[in-house]
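A quick write-up on the structure given underneath.
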Amino acid sequence: MVNFKKNSLAPISALKYLFKKPHTVRYPKEDLNVFYLKGVSPRYRGLHTNDLSKCIGCGSCAKVCPANAIMMVESKDVKPANKFAKTVRPVIDYGRCCFCGQCVDVCPTRSLQMSREYIHSFHPKLSTSSEKEPETVVEDFIWRPDQTHADNPGYVRT
Amino acid sequence: MMFFLKLIQSIGVGALSISVGLLFMGIGRKITARIHRRYGPPAIQNFIDVFKLFSKNSISHGFAYDLGIIAGTSALLAAVVFLPVGQINLFPANSSLIMILYLMTMAYLGMAMGVSSSGNPNATIGISRALTMMMGYKVPFAAVIFSVYIFARTGSLTNIIAAQSGGLLNWNMIRLPFGFIAAEIALQGMLGEKPFDMAIAPAEIASGPMVEMSGKYLGFGMLQHAVGIFLETGIMVNLFMGGAPNVWIFVIKQFELFFIALLVNAILPRFRVEEGVSFMWKIPLLLGVIQALIVVL
Amino acid sequence: MSEWKELADYFRGRSMWMLHYCTGCGAIELPPTMTSRWDMERFGVVPMATPRQADILLITGYLSIKSLKRVVYTYEQMSAPKWVLGFGSCTINGGIYWDSYSVIKRLDKYIPVDLYIAGCMPRPEAILDSFVKLRELIKKGEAKGYEKYVKNFEWYKANQDKVFRRTTPVLKKPEEVTKSA
Amino acid sequence: MLKHVEKLRGMGLEANPLKDWEFEVSVPKERVAEVLSYLKSTGFKAFIHLACVDWIDEGEFELVYNLESYEDALQAVVKTRIPRNNPTMESMISIWGLCQVYEREVHEFFGIEFVGNPNLKPFFLENWMDIPPLRKDFNTLVYSEELFEFKEDETHGIKAPKRIEHK
Amino acid sequence: MELRPLNVSNTNDKYKTYELFIGPNHPGISGNFSYVLDMEGHKVANVTPDPGLLHRGFEKLMERRLWTQNLALIPRICVPEPDVNEVAYCMGVEHLAGIEIPKHAQYIRVIVLEMARIAAFLFSFAGLGGSTGLYTAPNWSIGDRDYILDLFEWLTGGRVYHIYQYPGGVKKDIPDGWLDKLLELLDYLESRLPEYDNLIFRNPILQKRTKGVGYLPAEKAIKNGITGPNLRASGIKWDIRKAQPYLVYDELNFDIPITGEGDAFARTLQRRLELEESIKILRQCANQIPDGPYKVKIPNPFQFRVPAGSYYSKVESSKGEFGYYIVSDGDVKPYRVYVRGPSYSVGLYYANEIMRGMRIEDVPVWIHTMDICPPDFDR
């Protein structure tokens, strides 16, 4: 049993870190490299990506979302993959999404995936008056996921 | 004519003490950060902080509040003028040490008057702790000064420095070893470093006396702390390390003492108030009295 | 006079003091950012104990009505050039508590927010990235949330009173009243 | 564990084991104090929690007292039913001082009046004038839409068949 | 003229005590919670806890969501240690639905629980260091805790909220190379423990600050519903993992340290010794884990119904006994879920009794050594 007797010279051993290299990740210059990929983990649940051609617009991701963050919105620029496919596509409101990944698990055609991107911040312009500011903030965080971050897949359904 | 020359020189010494104090605090944050295994802020961070604080607008709590905080900083600046810094020795009067000690306690009392009129209970608890802690470390420090006076048989700092000239061997640090250790622990209390910083305890009383200081008042508080560092380490250098031929060696010697205080600061938690005072009156007071007896006999 | 303002803004961006107040569940990502692994002190951001000394107020996650009242007190105690950072999705549109009776949905109706950060609890990297972005905004002089609070004070106060000073019950009486004692 | 269950059945209450270290006892309202003090005397010294379930169809509240005995590692779940309109229940403060806090919370969320509990002041909610929130007939979505002025579209834009709403 | 005894103050009683807030905005508190203290000088005369600042009405929200949707909501209850909620909820649902999860998944659950336990213990060291002024301790311990979060991020995809358990097992299998990274981390943590001993536990001033603070005898601990390390620090040998083993704890050998003095220092020492036990458990799990399926197939979320019944499932968390009382009436949504947080009775009921007469310096030390987690009782 290690003894924990009061010893006033014990804390001095902490001073050896004066000459050791700190283990800080200096974020803007360096990035986390603990995994075989640089940056966040290979399975990270970040912002969504959606393969608009594979997606059949069934809406099960919208129904399963615990934060009610997904709306199915009509999108013209999409040709349906087969005759069942509707032309509605999921639109995710990042003011609601809790990044739990249940929509990725329940997507029947595995088109909705999560990427390893996570940086997004929004500064409401000075010109917008206070009354309209809450609406502009909510609009800015509602997107339709598409293939922009597809090259950086994170939490995908195997 | 001599008056204007003295005025400009004393403003120079005041500015030197503020910038050296702030530089020490900046380097100190970097060193404690290294012990925490991280990179600290840039060394000039405290200059940026002070400039930012003076650019904010601040909330006053009445005339006594403003007077108290300004009194604190100006008393310390007045004390710095009497300190012989390297070869600059503005007022070589023979009782400059007593003057400095009196002005230092004046600074704390001014701060106490201002802060306790801010009405925040945290501030009153904090300042009552600061004053009891000051009583704690002043007693051994007085014993040490008494022994130095008897040893050098003179009251003025310039003669004490002269008595120590000539080589490391006849520094007071070597000739009065117990006095130096007692003064070193008292210095830890004066600087308000970790084992004795229960006055500014953020976790218990939300940073004690500085709880209502915003903007410019906090800027003055930071200046006061910077000048305090310069002054207290300066007294120790003059008393025990034989002054310095020029200013740069003086600053380097000051940094040695401040470095020791930093290391102790990083690895110890803080005492309770009466534990701190009882610690101060046990070992350092004993060493001071032994030193005084050795010198007297 | 404007060079003085630019110089002041330059220095204000370099030393933003953060208020040590964990309002919501996002506060669990602040200790790693403050301590040795991510170390936000490199940007001059230091946790301060009282609103008087702080410049930025971090609303980390959701706010229940009770803690919104304390946040409004704290926000009004801070001295003038002050900024608010909204962490996570709960400050934007209610997050996962969209149907909760005691959590506010849009933070912007109660206090002006200067920067919103996406993420249901943004990572330490996202927090450090937001400090860098806030520094740019301050240097460009665009982060003026505190002036907007003073300009539309009545509108903000009206929203806050709607939530704090309710005199009548919110729900219409259900048909079969099972009023307890 | 079965020794306890037989003893309780002997006292005219119906008890059945849930798992090899947990059993439940359902007790009429008046005998709760007697059963709790009996269990406390036979070793169930730790009071774990007091929960309340709102059976709105049968018009009853169900109070669940959960006790634990550290000597023989057992868990007792004591259940009782009280009527739903102006529900009152005698307070268990005399047996465990701890119940004051749990009863105050159940009073605030369900509106059950605990006779003998000194402070039943508001606890978690400030300035609350509606019916107690955790009751089944309190609709939290309508409340938050009214108070925080937003409209929620629960159909997610899907023209799906109408969902079977519970009540 | 008889003299008035010294300690009777001549002011009337109304001004005897002044009000001080260990308020929501206070660095000594580990979360958003406030005590209203009536102070006499620097001693506490009376305490009225003022909870509700983190109240989100979880139990109401859980009644409006499907069984598996709740899994995204549940980790947000106790923030320093979210996995305990997920495992307790999943065990309750599996018991009601009669699902038996494979051995491989049970081992993964024990690994996740013990890693979260180590992270929460390191977090409590940081709290102690922060409240007594030893700022090196939080920097070291939260820096090491970050390495555990990196492993969590690799295994589950999320840093703090893992949303990884699922009724019927876990969502994804262990990635290859993860287990030897775990063993590496355990060796690193083992090498760090002596340094923590020297800095925190043998520090003379820290022992002076924590010895004798908040003394808690054994029977008072039971009477006030205190569980977990605080109970074991008062001398009672009760650990749910040993007494009522769940998952695979009966196949692992580990012992329960008892420090027994019952004061603040004994509680921190208790957490440090249990951290060593958790490292031992993790090493055994990493070596003994069998291969096999990581989950059992369950119907998709919209048709997953749990047969009617009620059950109280509990897990030994780093703060005490974390329990879920789940009532289901056979519908797609739970009928009622009651969450029993370990620091409920400590923070709200026992605080008034212990804090009377305590000094202002010891209040944050007591709060951090009892490891009070405010979202537990606000829910």
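Worth pointing out:
Should a chain be cited, it is by its letter among A, B, C, D and E, assigned in written order, with residues numbered from 1 in that chain.
Please note the rule applied: a residue touches a chain if its C-beta (ideal position, glycine included) is under 8 Å from a C-beta of that chain, and two chains touch if they have at least 3 such contacts.
Here the structure is a predicted model, which means the values were calculated and not measured.
Common neighbours of chain A and chain C, by the contact definition above: B, D, E.
Across the structure, the highest number of inter-chain C-beta contacts is found for A-C. Greatest Cα centroid separation from chain A: this falls to B. The centroid of the Cα atoms in chain A and the matching centroid in chain E are 27 Å apart. Averaged C-alpha coordinates give centres for chain A and chain B that are 51 Å from one another. In terms of their C-alpha centroids, the spacing between chain B and chain D amounts to 61 Å.
One finds 43 Å separating the Cα centroids of chain B and chain E.
Residue numbers of chain D whose C-beta contacts span two or more other chains: 125-126, 133, 138, 140-141, 152.
Of all residues in chain E, those touching 2 or more other chains are 26-27, 52, 55, 57, 60-61, 64, 72-73, 136, 139-140, 143, 161, 199, 203, 378, listed in ascending order. Counting partner chains per residue, chain A shows two or more touched chains at residues 11, 14, 22-24, 26, 32, 40, 63, 65-68, 98-99.
By the definition of touch given earlier, these chain pairs are in contact: A-B, A-C, A-D, A-E, B-C, B-E, C-D, C-E, D-E.
If you check the complex, the residues on chain E that touch chain A are 65-66, 68-73, 136, 143, 147, 150, 153-158, 161, 163, 171-172, 175, 177, 195, 197-199, 201-204, 207, 269, 300-302.
Contact residues of chain C toward chain D in the complex are 65-66, 69, 94, 98-106, 162-171, 174, 178-181. Remark: chain E residues 18-20, 26-28, 39, 42, 129-136, 139-140, 143, 199, 203, 205-206, 208-209, 359-361, 363-364 touch chain B in the complex. Considering their complex, residues 18-19, 21-22, 24, 45-49, 51, 53-54, 64, 66, 68, 70, 73, 75, 77, 96-98, 100-101, 109, 123-126, 133-134, 136, 138, 140-141, 166 of chain D touch chain E.
Those residues of chain A that touch chain D in the complex are listed here as 59, 62-63, 65, 68, 70-73, 88.
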